[in-house]
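Starting off with a structure, shown below.
Here the chain labels run A, B, C, D, E and F in written order, and each chain numbers its own residues starting at 1.
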Amino acid sequence: MLELNLRDTLSFISLLIGAVFIVIAGLGLYRMPDLFMRMSMTTKASTMGIGFIVIGVAIHFYADRPVVTKLIAIAIFILLTAPVSAHMLGRAGYRDALTKLWSGTWVDELHDQYNRRQHTLDSMDEAELAIANQKKPELT
Amino acid sequence: MTLAAWVLYVILPLLSLALLFASYRVLKGPTIADRVVAVDLITTIGIAIIVCFAIVSKHTLFIDVAMVVALTGFLGTIAFAHYIEQQKG
Amino acid sequence: MALIILLGFIVIPLIPLLHRWLGNQIGWVVSLLPFGLTLYFASYLGQISRTDKVLMATYEWVPSLGVNLSFRMDGLSLIFALTISGIGTLVFLYAGGYLKGDPNLGKFYVYLTFFMASMLGLVLANDILLLFVFWELTSIASYLLISYYHSEEASREAGKTALIVTGSGGLAMLAGLILLSIVTQTSTISDMFGQADAIQAHHLYIAILVLISLGAFAKSAQFPFHFWLPEAMEAPAPVSAFLHSATMVKAGIYLLARLHPILGGTAEWHWLITSIGGITMLVGGYLAWQQTDLKRILAYTTVSALGIITFLLGIGTKETIKAALLFFIVHAMYKAALFMVGGAIDHETGTRDIRGLGGLRSVMPITALGAALPALSMAGIPPLLGFFGKEVIYEGTQHADWAGLLTFAALLGNLFNVTAAGMVAIRPFWGELKATPHHAHEAPWMMWLGAVVLGIVSLGLGMVASAVLPLLQQGVEAVYGHEVGELHLGYAINLSLLLSLITLTGGIILYYGLEKLRPLVAPYDLGKRLGVAKGYHALMNGILKVANWEGRLIRHTHMRYYLLVIMGTLVITMGYVLISQARLGIDVKIGEIRFYEGVLALIIMIAAVAVTVAQSRLAAVTALGVVGFGVAIIFVLFGAPDLAMTQFAIEVLSVILFVLVLYRLPKFRTWKQRPSTTIRDAIFAGGVGLVMTVIVLAVISAPLNSRLTPYFAQASYVEAQGRNVVNVILVDFRGFDTMGEITVLAIAAIGVFGLLRLHEGKPLQRKIYRGFPSMILQTAIRYLVPILLLFSIFLLLRGHQEPGGGFVGGLVAAAAFALYGIAYDVAAARQALRVRPILVIASGLALAVASGLFSIPNNKTYMTSMWYDRNLPALGHVGTPFFFDVGVYLVVLGVMLLIIFNLAEQEETA
Amino acid sequence: MRPLLLNLFLGLIWTALTGEFTSVNFGIGLAGGYILIFIFQGALFPNGSYHKKVFQVVYFFLYFFWELLLSNLRVAHEVLTPKFSMKPGIVGIPLDLKSDLEITILANLITLTPGTLSLDVSDDKKTLYVHSMYVTDVDSFRASIKNGFEKRVQELFQ
Amino acid sequence: MNTLLVLPILVPFITAILCLFAWGHVVLQRWLSVTGTASLLVVGLMLLHTVNREGIQAIQIGSWAAPFGITVVVDLFSAIMVSITGLMGLLVVVYSLGSIDFERQRFGYYPLFCTLLMGVSGAFITGDLFNLYVWFEVLLISSFVLMALGGERRQLAGAIQYVVMNLISSSIFLAALGIVYSVTGTLNMADLALQIQQVQQPGIVTILAIMFLVAFGIKAAIFPLFFWLPASYDTPPIAVTAIFAALLTKVGVYALVRVFTLIFVQEMDGLREVMLASAALTMLVGVFGAASEYEFRRVLSFHIVSQIGYMLMGLALFTPLALAGTIYFLLHNILAKTNLFLISGVAQHLLGSYELKKMGGLYKSYPILGVLFLIPAFSLAGIPPLSGFWGKLLLVRAGLEIEQYLLVGVSLFVSIWTTYSMLKLWSEAFLKDSPQTDRPAQGLRQVGITLLLPIMILSLLTVLMGILAEPVVALTQRTASQLMNPSDYIQAVLKG
Amino acid sequence: MEVLLAIVIGVLYATGVYMILRRSLVKLILGLVLLGHATNLFIFTVGRLTHAAPPIMAEGEKVLLPPYSDPLPQALILTAIVIGFGVQAFAIVLLKRAYQTVKTDDFDTITVAH
């Protein structure tokens, strides 16, 4: 690492952080017990990871303005789209009867509001909120 | 070692590792949504590999490729999600 | 001369018109044609017979193949031509009576004229290929005439048999004729005459002889092909009289006679022709008297007579040739007459079974006369010409080698003829008048005229036999190939006369013993024993069985096995080459494999295998997506950004397609396959993979010296104004490829559209799609769509200089609209697009084509790029390749949207 | 208002993409953006207006990135340690936000924060359903969202 | 001149584009496609005239000198094939006017038809191997769609097999192209002819030759790669089958002839026996298949296979005379076979079936149709002096000249069985009485001139090509000698 | 890497061929797609591999300076990919229609239908 100048070092560190986040995302995807937690892990860890990687690359190419703007564009675009796709997939996954919530999932307020036949989703009224607020996790 | 070499011998292998994890999930599933999440991650890793590869190759052109991947990959995931829902009809 | 032959063909189209105008009167009008021809040929009698003159006429036809319209009239031709036109005249007249009232009479005369013209062509042709042409035409005419009563299956089958048998022989003959023309370097018969020695010494001589003889034998109903002729008796009587006794069946004999100077005179000729002729003569005669059907008797006697003539030609001395030609004339006259009589009897009484006929002379006296004279000629009774026919035969056989055997054979053959003459001409007319299906009357004049005329001519010629001599002389010389000295015909008391007497007596005895003899020989029925006809049908059926087996195999074999065959063919042939060609010289260093490259390769391979073992369709599709993605990354790693972009974009769209199509389909059965099948397929698949791997290694072992790439590297910017060489290749150097490529896309989209909208030939209604909208998605999309569109235009504009281009640009734009369609609905996306996708496609294609046209006014070839001199803002340097790329962009956009929109709309109906 | 902003935004993106920061190029970007917006106006802006709050935006982003980093570390810990300590649940958050854009931003922010995932919005847009890996107490979880992201988004759009 | 050479592609292409613009205006599309195909015919004849007079013509698309760009090159063979494409296009389009149902016309029949012709013409005139692939794909995708358009059950089943086979063929072709570029560094066919001789790895060239033989062999439907054809050709509307029969397998034959006379000349020694055997078996399996069939179109489909065998025979014999035979046979076969398909369509129109068992009585009711049938049928059987005879004569003579007696024997045997099949069709559909006594007889007038006119023209041409064979034979011989002496071709392309 | 890619190509061909020999039509089409990938990679590899050197000139250069990846195979593959996509799209829809009409995914049932 001694051979790297400061800029390269910064760049490398940023890249490394990014890569580690992405590995964590991969690991999360590998390890997590249900779809939603896998998504929770990957969508963000990867977003974070790609952010750092893009920053690292941008530092390396700092002089090339179009490249930097393109890299920023990539980052912004991912930032904009990743949650949307996560939402879409999560919603679809939830509506898919084959998807099983992890056994440790202790509360599911969506379940009673979603009408599987009509695909309608109600909001929670005051009464329901009140009842729901009483819930506490069981100690396992 | 230059930055390019560091990227080559550290960053890209790390990303490959992540790729392996993601591939496992593609193959394993169990639901289609799981696979799609994994493909989505693979797309992201792909973007990471490509931009890193720009450093290795000293060609910034590859960043354009990454942009295309980012833009169209989103469409793929949305389409999948959309049709997983449709299936229930 | 050519015109005379063509005359018949020219007249044909007029005949149906004539039939319409004249109705049943057509007969005697059409007869004017053969009558005129008879006169025409008769006018040459003098010239040819007196002066040795040979008339020749040659017109170019297909000189490239050395085939000419070359005609030649010598004694032999003239004998045949006169027979054809003369008997033709009578038969034409006869047909007018026989088929009176038949609505298809016009058609009948068309066939008959067609036949006569072809037959004349055959005997006058001086080119073996021209001869073959007419030869085949007579077969066709024969076919059409035999199956004239085409409502009857027997007629159709008989016609088919005749054509197949004579046609097969004809093809053998064609091969023989071609070999002959290869050997002689000419196809003109007269040019071959001088080459007889060379031909007969050639190693192909036997092949030529056998092949040509096969054709002649089949046509002239020689054993073992004789069986088609009796079957051909399904034809109307005029046909039997004309084609199947007097003329067409003599074509084979004509050919043998014609080629005798070229091929004859050898031991092979003797053995082959004589023995086949002899056997035919005996078989035909023997079978004849076992028949009871008038026409069948005549048919078998015809076979026998044809055998006699062949037999005589086979012997090939000048006496036997003289005998052959004279007997040809004699036979043509009496047999045609007898067939006409037979037809008249059938026509008037409604039966042809001789056992049910008798005493007709009282009701049909003129017909009886018409029968008697030819029958006497047939029996060889003086003073009819037939007497001489028989005399000269014996004269010929006596002087040949093996005289005893040959003469005895001839005697037997003739004996049967005497008997048969009695059966057809005496039996029906003498004795008690028997009741018949129709009440018999005298036949109309048209129907007895022919027989009577022929009888009288036979009689006349018999009394002035020398009249035929000059013509006969020329004929014999033409066949013999040399001068033969002066021929004679006359009464003399000699061995021949004795033999004639024996023949007559024996024939008469046989005739009277007929009824007793028939049951005696029945157990030894040669016809059934020989069973050639059966053999033929068995052969045909055998081949048909093979054919049916193949047909079933092809119909019932699964496509997959064919695929296996193809794969097998490839693997085995290529594997064989790879193994046998050690020179492939694989020389590749393993070299450095980077870790991430290894991982990538591993992932691609695992994903590919995963596709094969995936339990669900979408699992397979996702795995496939990984493969595509991996391939794209490889493109990145090895310096192909444009390729990678395209691969990524296409991959996403493919996945969408698969999802759109597959997901809504109900679960399929999975097909359990036997492990052996799986293993077999795996082995084949592995073989293909292995071969391809080895090929890659072999190919990259040698350096690649591209002729093209260095040029592209030099010219891309300097001459084509582009820094992105791949894009320059796509839109300029090889823009023509791209034009085809976008056409493929456009067609595929139209195809998808058509497939989705037309079901079982009927249009399907477009279903308005209602999804489950997500507010979050919709909100995000409002911002993303413009970004995507902008990016797509960006990609388009800079494609020439940097990665991108119209294709990827179009894909991104399509992605934008697809997203919009998912977030809202397809109808909204259609509205947002404003134009029908198909028009977008059309505009894109139009722009692409038009961009190439700019060069044409500048006198440059199509697609030569034209550049605007100045830089335009944002667009930079603008040229026609840019417009081409815009065309590509539009096509891709339109195509993707046409496909996706329609698929999404169809979703509801799935 | 919003179309104009979007137009500027598109013009900027254009110049960024082409990498030529010239006035002509920006003008072309603006023109191109204008054309696009003109064409797809109906589809993009059915109603609503846009409020510009530059400073809030900056502050907001800083806050967000901090949150993002923190929660990322938390899940990293979860993944890298062998034992799971999650208490996952799906919780409905009653919304005070009104406009689609606000709700979308909130939902996306929640999703982007590791451990949480916006699953769905009720049809009347009054409840946002969120999956979280760490719901020790439904009430306090709801409160944390409402006082955290929702409040800030609300501020941004006021 | 320059522009004339690309017109075989541009004319149908522009016609197709105009048809797309006229989407929804079927009548306009009909006029457009008739005009377009007629123009293609004119272009083809002009090319033929030019090439005949001035020798092989070549232009470089985009003015990029060969071998760097894409060359369009028209020799006699190409010009002949383009002309016949135009002719068949015109006739079948006219036939389509009256026979293709309105729904298919509405969903792109005409533009697809034009792109099919575009692809076919492109394949005939390109001088670049990869470009050949592209035009192949254009014609294939057009044919896929035409085959499936309408979505009837049988069509789909046929189309699937057809598509799969062709995709595999294309894969092989494409891989072979990769190797070609890899070992020679060029794609221009003329340049390739020179470069292939420099390849140091002869095994690779053999493999290439095999790959091309298989890839084009599938398209040409030779043994053992033919089975997709009888499985699919009887499924689409008859006009589609007719144009397929006219052109598609013939493009495969064209490609085989082109690459083996120009590029893989050396490899002919090794592959000749294989080709000879394949030719014989192709003839046999085709004709036997036909003998076993009792469906009009399927009989004809099998005969396509059989006759491809004859064409392959000419190539395998590899003498000028034999090649002339192949080309003559190609032309003759296009005219006769297409005509027979068109006639089968009219027969179906009149009798309501293609099943021979259910047909009959046509000759009695429509004698003119009978005559029109007999001409191509007898021609196909090689009866002189119709066109088929000369093709047979050329091939048989060529075979005998180089003492390939067995193959000649097979070809003659097959000829008899072709006669048999034609007689079967004639006998069953035309001669025997119709079994459907309840079906009211329709007048031939109801068939309409658009159906009859193409048939009449084709029958007339079959007769003329037989009786006035000389110009055609001479032309095919000159064509063959051009093919056998590739130096002219190479020079025309590479001179600039 | 060439050797490794050669093996990858072999595997892709093998899996593709294996898939087109299955009874399921869906598998058949997936197999064709795999074959497409195999062929593209095949052309790419036999066109020789060059690491990370896109055939694109830097701003200001007038000729492409070596080393660079050979642009021609890239252009060819690009064309092939696009054409392959078109055909594939059509084939997929054909499959869908065939299923809806014949009501089976079984290749054998569909191809032996007469």
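Operating definition for what follows: a contact is a pair of C-beta atoms (placed from the backbone, for glycine too) under 8 Å apart; a residue touches a chain by one contact, two chains touch by 3 or more.
Predicted model only: the values in this text are computed from it and were never measured.
Undergrad: If you check the contacts of chain B and chain C, which chains show up for both?
TA: A, F
Undergrad: What is the touch distance from chain B to chain D, in steps?
TA: The distance in steps between these two chains is 2.
Undergrad: Which chain's mean C-alpha position is nearest the mean C-alpha position of the whole protein set?
TA: Measuring from the global C-alpha mean, the nearest chain centre belongs to E.
Undergrad: Counting C-beta pairs in contact, which comes out ahead: C-D or C-E?
TA: C-E
Undergrad: With chain centres taken as the means of their Cα atoms, state the distance from chain D to chain F in Å.
TA: Centre-to-centre distance between chain D and chain F: 39 Å.
Undergrad: On a C-alpha centroid basis, what's the spacing between chain B and chain E, in Å?
TA: Using C-alpha averages as centres, the distance is 48 Å.
Undergrad: Could you tell me the distance, in whole angstrom, between the mean C-alpha positions of chain A and chain E?
TA: So the centroids are 59 Å from each other.
Undergrad: Please report how many Å separate the Cα centroid of chain E from that of chain F, as a whole number.
TA: Each chain reduced to its C-alpha mean, chain E and chain F end up 28 Å apart.
Undergrad: Do you know which chain C residues sit against two or more other chains?
TA: In chain C, the residues touching two or more other chains are 557, 559, 563, 594, 637, 639, 641, 653, 692, 695, 699-700, 704, 706, 708-709, 712, 734, 737, 741, 744, 747-748, 751, 755, 759-760, 772, 774, 776-777, 780, 783-784, 787, 791, 802-803.
Undergrad: Could you pull out the residues of chain B that touch at least 2 other chains?
TA: Those would be 15, 17, 19-20, 32, 36, 38, 53, 57, 59, 61-62, 64, 67, 71, 74, 78, 80, 82, 84-85, 87.
Undergrad: Mind pulling the chain F residues that touch 2 or more other chains?
TA: Touching at least two other chains: 20, 38, 42, 46-48, 51-54, 56, 72, 79, 83, 86-87, 90, 94-95, 97, 101, 107, 111.
Undergrad: Taking all chains into account, which pairs touch?
TA: Inter-chain contacts occur between A-B, A-C, A-D, B-C, B-F, C-D, C-E, C-F, E-F.
Undergrad: Which residues of chain F touch chain E once you look at their complex with the stated criterion?
TA: Chain F residues touching chain E: 20, 25, 28, 32, 35-36, 38-39, 42-43, 46-48, 72-73, 76, 79-80, 83, 86-87, 90-91, 94-95, 97-98, 101-102, 107, 110-111, 113.
Undergrad: Which residues of chain B touch chain A once you look at their complex with the stated criterion?
TA: The touching residues are 1-3, 6-7, 10-11, 14-15, 17-22, 24-25, 30-34, 36-38, 40-41, 44-45, 47-48, 51-52, 54-55, 60, 63-64, 66-67, 70-71, 74, 77-78, 80-82, 84-85, 87-88.
Undergrad: Flag every residue of chain D that touches chain C in the complex, lowest number first.
TA: 6, 10, 13-14, 17-18, 24-25, 27-28, 32-33, 36-37, 39-40, 42-45, 100-101, 103-104, 107-108, 118, 120-121, 125
Undergrad: Considering the complex alone, what residue numbers of chain B touch chain C?
TA: 8-9, 12-13, 15-17, 19-20, 23, 26-27, 29, 32, 35-36, 38-39, 42-43, 46, 49-50, 53, 57, 59, 61-62, 64-65, 67-69, 71-76, 78-80, 82-87
Undergrad: So in the complex, the part of chain B that touches chain F is made up of which residues?
TA: Result: residues 53, 56-59, 61-62 of chain B touch chain F.
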